[in-house]
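Below, chain A partners chain B and then partners chain C, in two separate complexes.
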Partner chain A sequence: MTRDRGPSKFSPEVGIDLAGARKRVGTALNAGLAGVLLSILVVCVLVLAVAILHGTDATVLAKLAKWTPFLAQGFLLNVVMSLIAISAGTLGGIFLGMGQIAPFGWISWPSKVLTQIFRNAPWLVLLFYCIFLLPYQVRIAGQTFVVANWLRASIGLTIPVIANFSEIVRGAMQSIPSGQWEAARSLGYTWRQSVHQVILPQCIKRMLPPWMNLYAVLLMATPLASIVGTQEALTNLRTALQAEADGRLLLPFYAYLLSWFFIYSYPIARFSMRLEKRFAIH
Partner chain B sequence: MSDPFIKLHDVYKSFHDTPVLRGVSVDIAKGEVICIIGPSGSGKSTILRCINALTPVDQGFIQVGSIQVTSKNLDMVALCHCVGMVFQQYNLFPHRTVLQNVSMAPIQVLKQNKAEVTERARALLDKVKLGHRANAYPGELSGGQQQRVAIARALCMQPQAILFDEVTAALDPEMVGEVLTVIKQIANEGMTCVVVTHEMGFAREVADRIYFTDGGLIVESGPPDEFFANPADERTRSFLSKVL
Partner chain C sequence: MKFFRALHERGGINLTIFYDPFDMSRFIHGLYLTVVLFLICAVASVLLGLFAVAFLTLPYRVPRAIVRGYVAFFRNTPPLVQIYFFYFGLGALVPTSRNAYGLPVAMVNNFDWALIALSLYAGAFNVEIFRAGIEAIHHSIVEAATALGYSKAATFLHVMVPLAWRISLPALSNNLIELLKTTTLAYAIGVPELLYVSNQIWSDNINTFAMMNVLMVVYLLLVGVVAIAMHRWERVLKLPGFGAAR
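And now, the complex of A and B:
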């Protein structure tokens, strides 16, 4: 197979080989599926072990089952918040990252400063800022809309994602050899055209693994929103524990919630590791 | 000489505090083939890069056809339409096929008709004997093949002059010939060529005039026979004795 020829500067990996890419993504997807099964297995064992440690109390399992819909409702919000933050964050990060290396000082300096400020700030602090600074309601065309807590939290999570993705974009773009820029320039491409036609398309594969990594980190950060009162999984879990008022439930419940995060994100991690290997250029 | 097509007048360029060009003046007529030779670091490549505005000059005047390269409101598209460049490291776009590499700039930059450009690109690939690799990716080609694609890419912009920047320096010896053959063919068809090269035999064969640079200056120039037989300057003699 030609793509096993080993690394070279312009290896065929860089080309857009649709059939090959589909196959590679397919294999990676299989790895993801295997990851799901494996993680479910791990979780079953974990939950059972905790249950057994707590004296094989059948009521624990019954309680877990009873609260599952309520917890799931909360977890869904974690997923939704993470999806909003990664979408908006990716879009913002692409522009901020391009801005960082723009040849115009009035774009690059603000982009660099913004990136550094928000990348080096604790996520929780940014979250607090957004929760308290963003308006609780907005008036659009005479209509008043309440900005839900979880939506403001999503925006709060978007900011560090923008900053982190901005750095991923900048790194990827700067890793493209300068000869590519010069060749584009010598063919009459403007800076923007060079970025769109020549540089960014070569960056996508390099950015994919760190992007998925960023998503995993983001998902793990969503329970921070519980501190500002969002009805997400952790908040709901504590509500459930308070309602039950039974100390023996503490460990099984937390283990149960951990397992959900694990089941959701472990396959993504596996998938990205696979992609990383498949698309490795150097 | 009639009105020069490419004209450099008293060009100065420094990188940080290192002077690279220290008053270079060159006149190149339409259809002329110029070879620039000289020790490394003598400013050969910088001369080329100043001609197509990849490197801004500190001082001096450059004109290509009717385009003032050193003017503040330079039309880069017009300049790139007029002067093409081929690089030592080929610099093909690895995410595009060979055919796309050749045809994308005329379509996207010059806004020419896609079908016409594609047809022209195929003809040019045939000309550099790579018509059968049109749908391959650059990474699947040898160095010599990639460099021939890069030449086709430059030609597809329909330039009036092409700058060759040490285009065989990165190639394995057995691939040098195939690239030089293509350049010879282009030169013989009347294209204005400015070639920076270390291939003395090639320079002697195709050049109308040879320029020798050293220390950011053009030390001497002349027709190849004269230049190689009776170099006037001591620096030229010393260089030629090392490379010939």
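And now, the complex of A and C:
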């Protein structure tokens, strides 16, 4: 403490400079590295706790290493499901969001109602809907395709993403100064043209941080697919634990999976925070 | 009751919860558990958020780092895995007592673990919300309090918290709605809340679609109640000349 406060007491400039330097070092160190270090620390502490409670045992680490490829395979599915849901959800959300502020009542009312329903329903309930109600197989041009469980789960995750992104789009479009709308109109643009060529391009900057937040929330929701029987990371983890049938492995295995999600998500969260600060309107 | 029985027999919409006493009592108990889970977690997570934010305002590095680590960890890991981690991982370490039949009973049951996990999860988001609220207070107000002779603790408690609370309320109400939606995850560790009992009911009666619609409507109504209550509170607490003009 005293070490930090020392110089600033005598010459404020030095103090400010030091603070600036620390901030720069902090920025350079941030995101990925901090996330990795913190996760490793968490895993180490937990493994240590288990070792103290159950006597020293190196087999825990060996077991973690043994099941890593299997977990990675499941985690890949989590990432794939999240990417499908964010792509489809973003596309759907843009249209639903534009629909919400459309000047035609027969478009804007249904858009608003749909947005509110799917934004406020629990993700797990929507997931159940899609798992039970979507067809198990579809016939396209005489050919029968089986709809895999993970694909139905992805669709189930897409629905809340559409609704949440719809709100982000609406918020961003309404935050554009009305002068822009009026200017577009006075230049003879139709409503559709002014949205596509004037308003939406200006919204991208404002939508980016909440969109990244939404992606993080979505990724955190992908393990829900394990409840409805998708072979993703959490399912694979539980399979591994059943195969090992060893109570000492429970804590380190779950901590291990938590750290995987953390390492993937923390850099995104830091990046979106930085973007938010940079784009903040003062 | 007659109406819903007739609806089943003639209309093909089987809503057992409205005419079968057993299903009705199950459903109401599930609703009760969801509401209790939500209310306790809401209060606990708000208190947790306030305490953690108090630590953030202290000029000590270690408590600040702990709070930051807590927030980062709980915000960037899946709540479902957190719940499993608590229930299966930590639950295995908790000592068990024996009940009247001599069977082992965990001292912390699945409902308690759901409470703990959900409170910690929602609390992490509350910390960020309150931090933003405190940062939004203009420093001149804090200076004015200091000039009036308030101690640091009194400034925090009597000046900063009441103002930050008002600034944070809209974000807090969003987070509480998220929390209400997240209580469904207690399903995964067998807490018989609304989703769990609904699943039992639709498995017993094979009325999946009808029950799901009921479930959806009930959750939307609950969310609506929370949203309206929080909005009312916001208006009651509104200070004239403070906060964004509407």
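Here is the rule we go by: the second predicted complex is superposed on the first by the 224 of 282 C-alpha atoms of A that agree within 3 Å, B and C clash if a C-alpha of one lies under 4 Å from a C-alpha of the other, contacts with A are read in each partner's own complex, and residues count from 1 in each chain.
The rule is simple: contacts are C-beta pairs under 8 Å (C-beta built on N, C-alpha and C of every residue); 3 or more make two chains touch, one makes a residue touch a chain.
As the structure is a prediction and not an experimental result, all values here were calculated from the model.
Set against each other, chain B and chain C differ in how many residues of chain A they touch, and the higher count belongs to C. When both complexes are overlaid on chain A, the residue A:Thr190 reaches chain B alone and has no touch with chain C.
Within the superposed three-chain model, A:Val125 lies in touch with chain C and out of touch with chain B [touch as defined at top].
In the superposed model, A:Gln242 makes contact with neither chain B nor chain C.
Contacts of A:Gln180 after superposition: chain B is touched, whereas chain C is not reached. Once the two complexes are overlaid on the shared chain, A:Gln137 sits clear of chain B and of chain C alike. Overlap of the chain B and chain C interfaces on chain A: none, as no residue is touched by both. Interface residues of chain B, counted against chain A in their complex, comprise 52, 54, 76-77, 79-81, 84-85, 87, 89, 91-95, 97, 104-105, 108-110, 137-140, 146, 153, 157. Those residues of chain C whose C-beta lies close enough to touch chain A in the complex are 59-61, 69, 72-73, 75-82, 84-85, 88-90, 92-93, 177, 181-182, 184-185, 187-188, 195, 199, 208-209, 212, 215-216, 219-220, 223-224. For chain A in complex with chain C, the touching residues are 1, 35, 38, 42, 53, 117, 120-125, 128-129, 132-133, 216, 219-224, 226-227, 234, 247, 250-251, 253-255, 257-258, 261-262, 265-266, 269.
If you check the complex, the residues on chain A that touch chain B are 2, 8, 10-17, 177, 179-180, 182-190, 193, 197-198, 201-202.
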